[in-house]
Amino acid sequence: MSDTAHEALRALEAVIFAAEAPLGLGELTRHVGERGDLPELLRQLADSYAPRGIILVERGGRWAFQTAPDLAHHLRPTREAVRKLSRAAVETLSVIAYHEPVTRPEIEEIRGVAVSPGTLDVLMEAGWVRPAGRRESPGRPLQYATTPGFLAHFNLASRRDLPGLADLKAAGLLDREPPRELPLPLGGREE
Amino acid sequence: MTEPFEDGPPRAEAPPSLVLQLGSWEGPLDLLLQLARTQKVDLAQISILALVEQYLAFIRDARALSLELAADYLVMAAWLAYLKSALLLPPEPDADPDPAEMALKLQFQLQRLGAMRDAGQKLLARPQLGWDSFRRAAPEGLSTETLSRFDTSLFDLISAYGNIQARAQHGVHVVRRRPVMALDEAIERLERLLGASLDWAELVRYLPRDLADESYARSVLASSFVATLELVRQGRAEVSQGAAFAPILIRGRA
Amino acid sequence: MSDTAHEALRALEAVIFAAEAPLGLGELTRHVGERGDLPELLRQLADSYAPRGIILVERGGRWAFQTAPDLAHHLRPTREAVRKLSRAAVETLSVIAYHEPVTRPEIEEIRGVAVSPGTLDVLMEAGWVRPAGRRESPGRPLQYATTPGFLAHFNLASRRDLPGLADLKAAGLLDREPPRELPLPLGGREE
């Protein structure tokens, strides 16, 4: 490659790199001056970047650098974080598991406190709860039920494997005093 | 050139030879450094005695011209005058502080300030980001996406349900219905009965008779009295009482 | 070059290209994973960019792409972008850079004048100077030091590249304490 062509390529890549937006041929010429066959130079530059992690692309007559599409996972790597469910969420989940399909007012009646919108979202995000159609009753409220993912996570063959009230009583889980730190349901809103 | 003021007002005579630019020095050390550099030798080889002479001469000239000198210039002048006399005296072995050492330290300070001043200029002469080289104007940015994995055991689940049930058992509180006549009911009833009668009549005549439940009878009386007041307020009834605790009379208004 | 090394270089260049600020080895590893000798890979990548209009630079242990300085005339904005620093600010900056961490009384002793309020502010606002903890000495004075942004702005790979640093050190001009306590009457105010 000639020295002039090399210098033209260097100028082009610097200008495109530092630009705030993709540049058209006119803007490129204004920055690097008349350099002969600009489209041909841009093609050469794009070729030289093709195998790299940064590539030169044309979009509607404008040129810009971007990262190679196959490397996107390095720019947004995922990380797994273990999160604890809030007590409100665990309770809501248990009510759905024992009573499904169940509507939100029913969950609230059983728990004795209102269910905040975030609680059901978290359970659906966890993949344990799904909307399960509407109840054919006044207001047609949405019903909720558990998912196969719920059974898998808790190692249950089916919902029938959940201990019944009698089992809970026998296991002492019904007679326990409520935990000391249990917030009083003043005003009826959880947490 | 006969007009005396043609070229502007008369000027004071130019100061002798030394050009005084007070205010352009950043303190006495800065002035000393500028004077030292006029010696045109390496600061490590500077003649402190000559430098002291220059400084004192400068201060003398400034005072002769009645220029106002900041106090620290004068303090430095006094100190340097002391240093000068100490340097000129025959060396005294026990002198404290040792004048030669004081001169060395002054030299060190001038060298250090000179070095920092040069370094600043060299820094500014370097290629600078945003002027000589450029970064990307709008990088996409990196981020890390967090996938949540929820950690809840079957025990957590069933004990939570147990807690709800336990709460329900402990917490049931039923308010027993008390026998009352609601205000709405009393208004509706009184309005119906009054509509037929435009004659004064005692309020008690309009109340249901044979009420076995004492507390219900009191509720009926209270609600009906309030209902009376409400109908009077609406202009649909009139109320009258002859004296305190006398029977209350009401009649309807057409 | 092996395929794995090539892929590692591609990932590195994409991540550095997309980043909003220069990246250190830790951040790079988090994004591209364990790839063997990262400093060696970065050196290879920098070499491959050296003749280009975009270069890979190390600034205080962090890596970034920027345009080659000799191409500034194609890129320089028409308006004056670099604000003029006062002489006091330039000098204070060099005192901090060559002596860091350094306290304000030390800066004042070296310069022979008090540091006026605006000077340190300007340097901190520019992102070149930061408070760097307190000196464990009487009065626990605050210390100042330069930032990675300072190195980046003046195109210094590290503080070792400060102009004339080695000579100044050898001449003893960077010693914190002068040979002995100096009874010089200093303490003027800078303009």
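Going by the order they are written in, the chains are A, B and C; count residues from 1 in each one.
Here, a residue touches a chain if its C-beta (ideal position, glycine included) is under 8 Å from a C-beta of that chain, and two chains touch if they have at least 3 such contacts.
Quick caveat, the model's predicted, so the values are computed rather than measured.
K.L.:
Which chain lies at the heart of the structure, taking centres as C-alpha averages?
P.N.:
If one averages C-alpha positions chain by chain, the most central is B.
K.L.:
By mean C-alpha coordinates, which chain is most distant from subunit B?
P.N.:
Measuring from the centre of subunit B, the most distant chain centre belongs to A.
K.L.:
Counting only Cα atoms for the centres, state how far subunit A is from subunit C in Å.
P.N.:
One centre to the other, that is 38 Å.
K.L.:
Rounded to a whole Å, what is the gap between the Cα centroids of subunit B and subunit C?
P.N.:
Taking the average C-alpha coordinate of subunit B and of subunit C, the gap between them is 30 Å.
K.L.:
Among all residues of subunit C, which ones touch two or more of the remaining chains?
P.N.:
Expected reply: 15, 17-18, 30-31, 65, 67-68, 75.
K.L.:
Which parts of subunit B, given as residue numbers and ranges, touch two or more other chains?
P.N.:
Each of 134-136, 140, 142, 144 in subunit B touches at least two other chains.
K.L.:
Provide the residue numbers of subunit A that touch subunit B in the complex, in ascending order.
P.N.:
14, 17-21, 67, 75-85, 87, 90-91, 93-95, 97-98, 110-112, 122, 125-126, 128, 153-156, 162-163, 165, 168, 171, 173-179, 182
K.L.:
Quick one: in the complex, what on subunit B touches subunit A?
P.N.:
134-138, 140, 142-154, 156-171
K.L.:
If we count contacts the way the header does, which residues on subunit A are in touch with subunit C in the complex?
P.N.:
6, 9-15, 17-18, 31-32, 51-54, 65, 67-68, 71, 74-75, 77
K.L.:
Subunit C touches which residues of subunit B in the complex?
P.N.:
So the residues of subunit B touching subunit C come out as 23, 26-30, 44, 70, 72-73, 75-76, 78-79, 97, 101-102, 104-106, 108-109, 111-113, 115-124, 126-136, 139-142, 144.
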